[in-house]
Structure formats: structure tokens, C-alpha cells
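Below are structures written as C-alpha cells.
Two complexes come next, and they have one chain in common, chain A, joined by chain B in the first and chain C in the second.
And now, the complex of A and B:
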């Protein structure tokens, strides 16, 4: 019947949304249950951090956080790793994706498969392979100069090997967001126009392509930052102590502190994703 | 042509070289190591990885992931449908944003949230008198994993549900179909590929999760990721150092098989929902 009345009124009337204006009981039930399931742990965790039966309510764990032993060191390490990962993954992925788009379209399915594989392979199996190759590599390369390199990238002060591993782990996400960005513009025309007007390759890359890709680059960077800050598996099994590993170490002695950090990390993810969506939202309005 | 092709290779070369070293070498090391015992080729690792406690762990992981995937898919679809058909745009937007955040919220912090809530000295477990250790079980892990799985399902179902045209339901109703007929013969067949794709995503997420399980249950619940980690950190008999690699190989095979279902399905979904 709805369809018939819609036809009688003519095509100018927008289609009636299904179930609009008919609030159903099941929907209310779904929302109540979902709200309870998702909000109770949030509230309970917050209460856990601020309340102890002996001392009552106190925000001390949040203040204690800043001065806690290892907090600054592990957070600085994580941020440094994230920055290095972002720079390296963009420097590797962007030229490769542009080159494939412009000169070797037949390589595109290959790139797509390569850049999706790290998503299929569970990170822990990647660590198993990586750890083994580092161990075997150090033995095999002992007589050669590469041995020094292999030792240097495992320096606990700034483990370059983690940066390399993280580049692989974030590659699928970076590939997707750059691919989405490149789809929105006519790369070939832009590059050819720039080149015909006498611009050099670096000039075309940094003054023509990159400005058009700003939002895709930003979202790739934010996602990488979120992923690296929360990464535990690879770092802990290779024996390093960035932020996520530090939280587990500290949780043994300071339960409240570790939950407080967890709440803050949820807030951080929230802010990073809001930043991504606002960057994209602005782009759409243009 | 030849110059442009070589330029294409030049731009892609750094990434390909990097990939070959950082991803390729570990992959080769993994496969070779899995079939090596004390420097000699052997099937002992792989056969041992499919026996006894290791087999139990693998079955435990698959069972956990399957339960999380199916429950998460059903609950997530209900939530997504409730959101998509809601009149309130604000509600819709906020649920989708929250899903984006929670789907990315895993690892260690997630474990601590639930330990603070339902753990032995948790806030809620004290209120409802939960027996000690209830969270550190198979079903405890299911509840925790659903916390990021349901939002992931909402995110992957929302576009598909948006693609269900009201006209289809009206056409079905005009032809005398009941609500049940509509869902059974129209809506579900259209949604099935998206739902199965979601199930696969959830399965993969739960299957490869390590940080949450490690921070929560330690070794109480047998899971293959926990077995790999303990084997990597030296908890194996002499001569079986490579068992971690064989277990990893088993995991990659399972994950690969599951993903092999996903990719063609995704193509089918995108064709239907143009």
C-alpha cells in the first residue's frame, strides 16, 4: 500500500523510509542491551581506578601515571617508533603506488595481494618467522659486515627491527587509504600536465600529488600511530618494552594504574579516529 | 615503452625489495624451520604440532573464533539493523562512530577493562557475586572478544543494510509475502555475502588475537597463539625448538583457508549493493 500511495503523490516525494515512525519494542531492547554491554565495562573500569574500599574516591592513579617508573621512557619509545614507521611506510608505499598506477598497471593486482597479505597472516606467526630469521641471520652473517647492521637494528634503545615489522603490519591500512585517495583524482593527467610544464619529478610528487592526497596521507598516518601505540605482540615477543608492553609489566604491581592507562588509550584512539573522520569529512564538503 | 616500464619498476622497487626482505625472509624462515629438526629436514615438528596439547590448543582457538564469529555476526547484524532503520540521525552517527573506535580497541587495554569489570576483584563481579575466576574461562574470553567483534560487524553490515531498498519489501508485500517470506527469500539472500564476509573478518580477528588472551588468561585456556608464544620464549623440550614455527604454519594455513572464502564473497556483495 505504501508503494501505491507513493506513486499517487508523484515522483517528487522522497521514498518513505522503512519502519520510520514505527518505533518497535525489539529495537529498544537491542539498544538497551547494547548500551549496557558496551558502557558497563567503561564505567566499571573508571570506578575501579578512582575507588578503593580503604581510601575511598581518589584520582591518584592518574597523577601517579606521569611519574611512574618507565612511563615516559616507554611512551617516548612508542612515539618514536610510530614516527619512524609513518615516514618509512609513506616513503615506500606512495612512490610504489604511483609508479604502478602510471607505468605498470599490470602490476596492480600483485601490489594489492602483497599489501593485503600481512592482514591475513596472524602477527604472532610473523614474529615467529622474524625472530627465527634474526637468530639464524646473526649466526650466518657473523663473518660479514652485515652482522654489525643486524646487531644495530636490534639495539634496545631504538629497535629499528620493530619499525620494519610495523611497516609490514600497517601496509594493508596505508595501502587502502592511499588507494582511496588516489582514486579521487586523475593522477595521470595531473602528472602529465606538470611534466609538460617542465616540472621535475620531485616537484610533481611534492607540489602536485602530495597536496591532493593530504587527507589520505593524514588518515594513513593516524591509523599507523594508533596501531603502533597499541602494538603488543611483536614488541613483547622480540623482547622490547614500548608502551603497550610497559602497561602489562606495570599491571603486576599497580592494577589501578594499568586500568587508568587503558582508559586513556581508549580516549586516544577515539581522538585519533575523530581526527581521521573530520579530515575526510572536510574533504567531502569541498 | 621500455623507459616507462623501467621507471615503473624504479618507483616500485624500494617497496618490493623491502617486502622481500622483511616479509619474504621471515616467511621462508618459517616454512623451512617448520620442516627442520636440528638441521635436518623432518616432518616431526608438523606432526607434533597436530598432536596432544598442541592439537587441543588449535581446536580451542578455532572453536573460540567460530563462537565469537557467529555470535558477533548475529548480534552485530541486529544492532546494525536497529541503527540503520532508526529515525534518529544522531543515534545512528554516534553508534557508527563508537563502532569505529571499539572495533579498533583490542589488545592489552581491552583485557584490563574486563579484568576491572568482571575479574576476581572487579567492580561488577563484586556486585553480582560472580564466582572467582569466571572471567578467565572460554566463555569469559568470548564475552571479551565480542567487545570488538560486534562493532566490527556493525561496521561491515551497515552499508549492506543501507542497500536494502524499501521498494523490495513493498513489492514483496504487494505480492502477498509475509515479513518472514520477505526476510527468508529477499533480504537474507541479498545480505548473505556481507554477513559471511563479516563472519570471516570476526573469525580472523579472534583467531589471531594474542595480547588480550595473554593479559587475561595466561595459559588457563589453551589457545594456539599462547602456545606459540610460550614455545618462542623457550618453553619447549630440546630438539623441538621449531615447534613454534610448525604451529605458526598451521595457523597461517587455517587463516588462509578462511580468507579464501572471504575474497570472492566480497566481490559478490559489492556487485549487489551498487
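And now, the complex of A and C:
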């Protein structure tokens, strides 16, 4: 009613505009600052890789990188390791967490501590222990048929031992993500409703729990992927050459090349995460 | 499709708490039985034993005479509606209802048709495409009911399905559950702590206390002839008024009434009287006085001071105006047989959880 008199219209409108305008300005400022914070170093790095004062602009370092021996092999190895780690850690952690929630809620703090432990153990300690275990294991298992198994898991073509190590390393992150996801639903009631309707345990797990845990599973997968693609210490000290180790090896003392490799791997991981998130996002819509 | 259910010596303890302490009961095919009791009396545990979510320490659950105690939950023929909202959040109402059929690998057209029929049955024919978060609490419980009925179970288990709903919806839905149950003739076990709910829908009400059956009977029987003082106090409100027995009659508040049931040897007894059996009328020369009146719409509950104590009385709501606090009144008891119990009170006193 007040707006129709015409008198109030004048003073009524500007406060609204000002209220909307002020946050917009701040939003822009924050956005510009954040963008600069991320893009300036990236841009500077990129400029460094393509521009040499003597020869001018050239994309040679990137060409050199992609054609360098081992690029595809190490990248494929890293992706394979990441995929295997994601599958294994989820298959291990999710049923275990559900079982603890449903049948032994009192063990939850114990499980939480156990799953967080890898976070406080430095990777260097971890890999030293792993190396010792493998050596001792070789000696102990030499007369048994398991010796073959021990050799097989250390196959440089696809070192299963790295997958096992990464499963331990990502456990804290996966546990956190899944725990957050499980907290958002009444797991017990949903499981009981599923069981009551005739569903077997695997059916309940894959048709009731997993679909409602999509975003948690996605974030667990992101973190695992990012960690495995960037992991250097364990792989290097155990003598394998996934992507991160290869980057260090190939760039060596060539300044431009090593920076180019960083930018490339950043882009790559970014694109992978985008792909993973869009896959999960599409399933959700469906 | 309907079946009998039998509890045989059911016992279950959780650590030190005894949830079920030798529960024996038979539920006839097609019967609607309400398990009523305060929280912690074991009623939900008994229901979960039928569903297979709880294993009794000893005793057995029989469905149609067959021992199902060791049958896993997903192989039992019992549909359940839970207290908390239990619809699968990732599925719409139709797919929720069809979930059980999908587990049994029923083809898609059949299960959709069936799900739509059931949604219509529970009064939500147009809500099939909605997701649980788009439905109200009452609608969610309706869908959960349809989902439980989709597999045409022989037993329907209702675990306080109405307790999360607001009063109006609760009453409407409980009547609908009863109507559906009568239509389908399905054996139903309904767990509740709300005595009004239990009395209004069940064929028989079973009152549980500390994991044991106190009384089981038709609602009117449990209300009018409580077998134990606990039942008398838990189901409805009961006045305990001091009285004196002589022969098969008892003198109480100056009236002589016939005694219902066995007459105790001890002459001084508690006479159990429902508030609605106490008639109150204004009388300037009356010996009693209204202490407090609480208006409840259709009725007024009065706290009346009588000789040496107080009684509760329910009178029609329109009498509130002439029966305010401080009014001198005359108290009369309805002429009908009354229950007596061994003396616990020296003076008349109301005993009830929801006393004024």
C-alpha cells in the first residue's frame, strides 16, 4: 500500500538497492583477490615455461614432456593404482563401518582411532617399516608357496604392495568422508526396512546404503585419487615409478621442464576430479 | 494370507536390563492386537523378535505354528512400519513401495501397477513421483504402510508408527490403519505407549510391564475390569477410594455398591472408580467442594475434595460454568458393580499419571 502513494516510493527503493549493492561489491573484491591468489603464481609459472628471453615464446618444454619416455606408462600406472586403491578401500571401509554401527556401536571410538592413526605416522616411518616387513617376509616365506605371492605383489608392472600401502594412507580421509555421510541418515532403520522387505545383506549395502551415500563416496574417491596421483615418498623409496616419481626423475635439473610438469599434472588432476564429480552428479540426477 | 502369531516364553536381556521376562501370548489370525505399556516394558523388543531384528535369549516366536526364531529377518513374512521415518531417501514413493517386489525380481510393469494400487489404498494416488523429503510426516508413514503391505505379508508389525505425527493426523491415520486392517484381514501387532490409541483401534489390548504380560483382553474389558492395580493405573485414570466391604457389597462415600469380582477377606479396601463414574452436582449443602477444574473441551476434569481426601471426576464440558473451583457440590457414584483392591490408601485419592 505504501508504495502506491508515490511519496514513499522514493526513499523506499534506494535502501534496497544499497543493501543489495554492498555485498555485490564485496563479493567481487573477494573473488578478484582469491582469483589473483591462485592465478598469478600459475600464470607466472606458465609464462616461465613458455618464454625464454633469448628465443621468445615456445611450447617446446610441453612437447618434450609428453613425448618423454615413460610419460604414458607412469601415468597409466598411477591411474591404475588410484582406481585399485579406491575400490579396495571402499570395499574394506564401508562394510566395516556399517558393521560397527549396527552390531558393535561401542567399538566406534576404537575404529575411529585406528582409522586416524595413519595420519600421525610419518610416511617415511611407514615406508621404512614396510620395507623391513617385505625383506623379512621374503626370508620367512621363502620355503612356503606364499613366497610367490610376495613376489607377485611387488611386480613393478603393477605393484599391489603400493595399493595396500595407499589403502592405509587414505584410510583417515575415507573414514571421515564416509562417517560424515553415514551421519546424515538413520542407518539402522534403513537397513532394517530393507531387511524387512526381503533384501539380503549385499542387496541392502548396494541398493540402500550406497545410493544414499553417493556424495560421501565421491568425496572419499576424490581424496584417494588426489593422494595417490601425488604420492611420492612411499613409491620412490620402495623403488617404483608412478607419475609423481617419474616427474621428479624426468625433470631433473631442467628448470622449465619441471615447472611445466607441475602445471600439466595440476591440470590433469583437475580434469580427473571434474570427470569423477560429473559422473557422480549425473547419477544423482537420475 | 493371514497367520497366527505366538510368543512362547520369550526372554531377552540387554546387559542388566530385562526387556522380556518370559512373555507368553497367542495372537489369532486376522486379529489386531495392541501391545501397550510404558517405555522399557519390552513391547518394542517383542515386536522386533517377530520381525527378526532381535534374537530372544530363550523362548520362541511361532508364526502359523512354525518356529521362526532362527529365520533371518529377510526371510520372514512380516511387513513392518517403523517409528522413525524409514523411507529410502533416494527413491520416490512409488519405488519405495515397489522395493520389496523389486527384491523378489517382479517385473517392472507389474510392480509399478501394484505400487500404484497400494498408494491409492493409502490415499496417496497422485504422490507416486514425490521423494520422501517432499512428503509430510503423515504421508511418509502412509507410504511406509503401503510399502509394508506390498509383499502381502501374513503379519503386519507397527512400531509406534504414529508417535512422530501431530495429534490430528495421528487420529486420522490410526482410523485408516484400522479400516485397512479390517479390509485386508491381516494379523496386526501394534506397539504403542498411548492408551487411547490402543483402546480405540485394537481387537485386544495387551498391557506389558517389565517384560511380562499383565493383562490381555478386549479394550472395554481392560478398561472396565483391569486385572491388576498396574493396569488400572496405566490404562485410563482411576480413583482409589477407601471403602468397607460387607458381604458382596461395599460402602464407599456414603453409598452402598455391589462388588465386581472376588471379595477380599479384609473388610477395609480400595474401591477403584473411574472419573466418569463420579457424578458431581452443585449443592449449597453438599459436603464436597470443587478444588480445581480443568476444561478439556468435551469434558471437564474436576478435582473434588470429599471426606478426608480427593477424587477426580469427569463431567460434560457444558457444566463447567456451574462447577468452578470453590463450588459446594454433592458427589454421587454411578450405581454399578465396582472393583476393589487390598487397601493401599488411608483416604480417597486419585492415582493416575495424568491426574490434574
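In this section, the second predicted complex is superposed on the first by the 220 of 286 C-alpha atoms of A that agree within 3 Å, B and C clash if a C-alpha of one lies under 4 Å from a C-alpha of the other, contacts with A are read in each partner's own complex, and residues count from 1 in each chain.
Going forward, a contact is a pair of C-beta atoms (placed from the backbone, for glycine too) under 8 Å apart; a residue touches a chain by one contact, two chains touch by 3 or more.
These numbers come from a predicted model, not from an experiment.
Undergrad: Under the stated touch criterion, which partner chain does A:258 make contact with: chain B (first), chain C (second), both, or neither?
TA: The first partner, chain B, only.
Undergrad: Can you tell me whether chain B or chain C touches more residues on chain A?
TA: Between chain B and chain C, the winner on chain A residue contacts is B.
Undergrad: Look at A:211 in the shared chain and tell me whether it touches chain B only, chain C only, both, or neither; answer first, second, both or neither.
TA: So A:211 only meets chain C here.
Undergrad: Scan A:195 for contacts with chain B and chain C and give back first, second, both or neither.
TA: A:195: touches chain C, not chain B.
Undergrad: For A:92, is the partner it touches chain B (first), chain C (second), both, or none of the two (neither)?
TA: After superposing on A, A:92 lies in contact with chain B but is clear of chain C.
Undergrad: What is the contact status of A:186 with respect to chain B (first) and chain C (second): first, second, both, or neither?
TA: After superposition on chain A, A:186 lies in contact with chain C alone.
Undergrad: Would you sort A:48 into first (chain B), second (chain C), both or neither based on which partner it touches?
TA: first
Undergrad: Which of the two partners, first being chain B and second being chain C, lies in contact with A:228: first, second, both, or neither?
TA: A:228 contacts neither chain B nor chain C.
Undergrad: I'd like to know which partner A:203 touches here: chain B for first, chain C for second, both or neither.
TA: So A:203 only meets chain C here.
Undergrad: Chain B touches which residues of chain A in the complex?
TA: Residues 1-3, 15-21, 23, 26-27, 30-31, 34, 37-38, 40-42, 44-45, 47-49, 91-93, 95-96, 98-100, 102-104, 107, 111, 114, 117-118, 120-133, 136-137, 164-165, 167-168, 226, 230-233, 236-237, 244, 247-248, 251, 255, 258-259, 261-263, 265-266, 269-270, 273-274, 277.
Undergrad: Touching residues of chain A toward chain C in the complex: what are they?
TA: Touching chain C from chain A are residues 185-186, 189-190, 192-200, 203, 208, 211-212.
Undergrad: Taking the touch rule as given, give the residues of chain B at its contact with chain A in the complex, in rising order.
TA: Counting only chain B, the residues touching chain A are 4-5, 7-16, 18-19, 22-23, 25-30, 33, 78-79, 82, 85-87, 97-98, 100-102, 104-110, 112-117, 121-124, 146-147, 150, 164, 166-167, 169-171, 173-174, 204, 207-208, 210-211, 214-215, 225, 228-229, 232-233, 244-245, 247-249, 251-252, 255-256, 259.
Undergrad: So in the complex, the part of chain C that touches chain A is made up of which residues?
TA: Residue list for chain C touching chain A: 51-53, 72-76, 78-80, 82, 84-90, 99-100, 103-104, 144, 147-148, 150-151.
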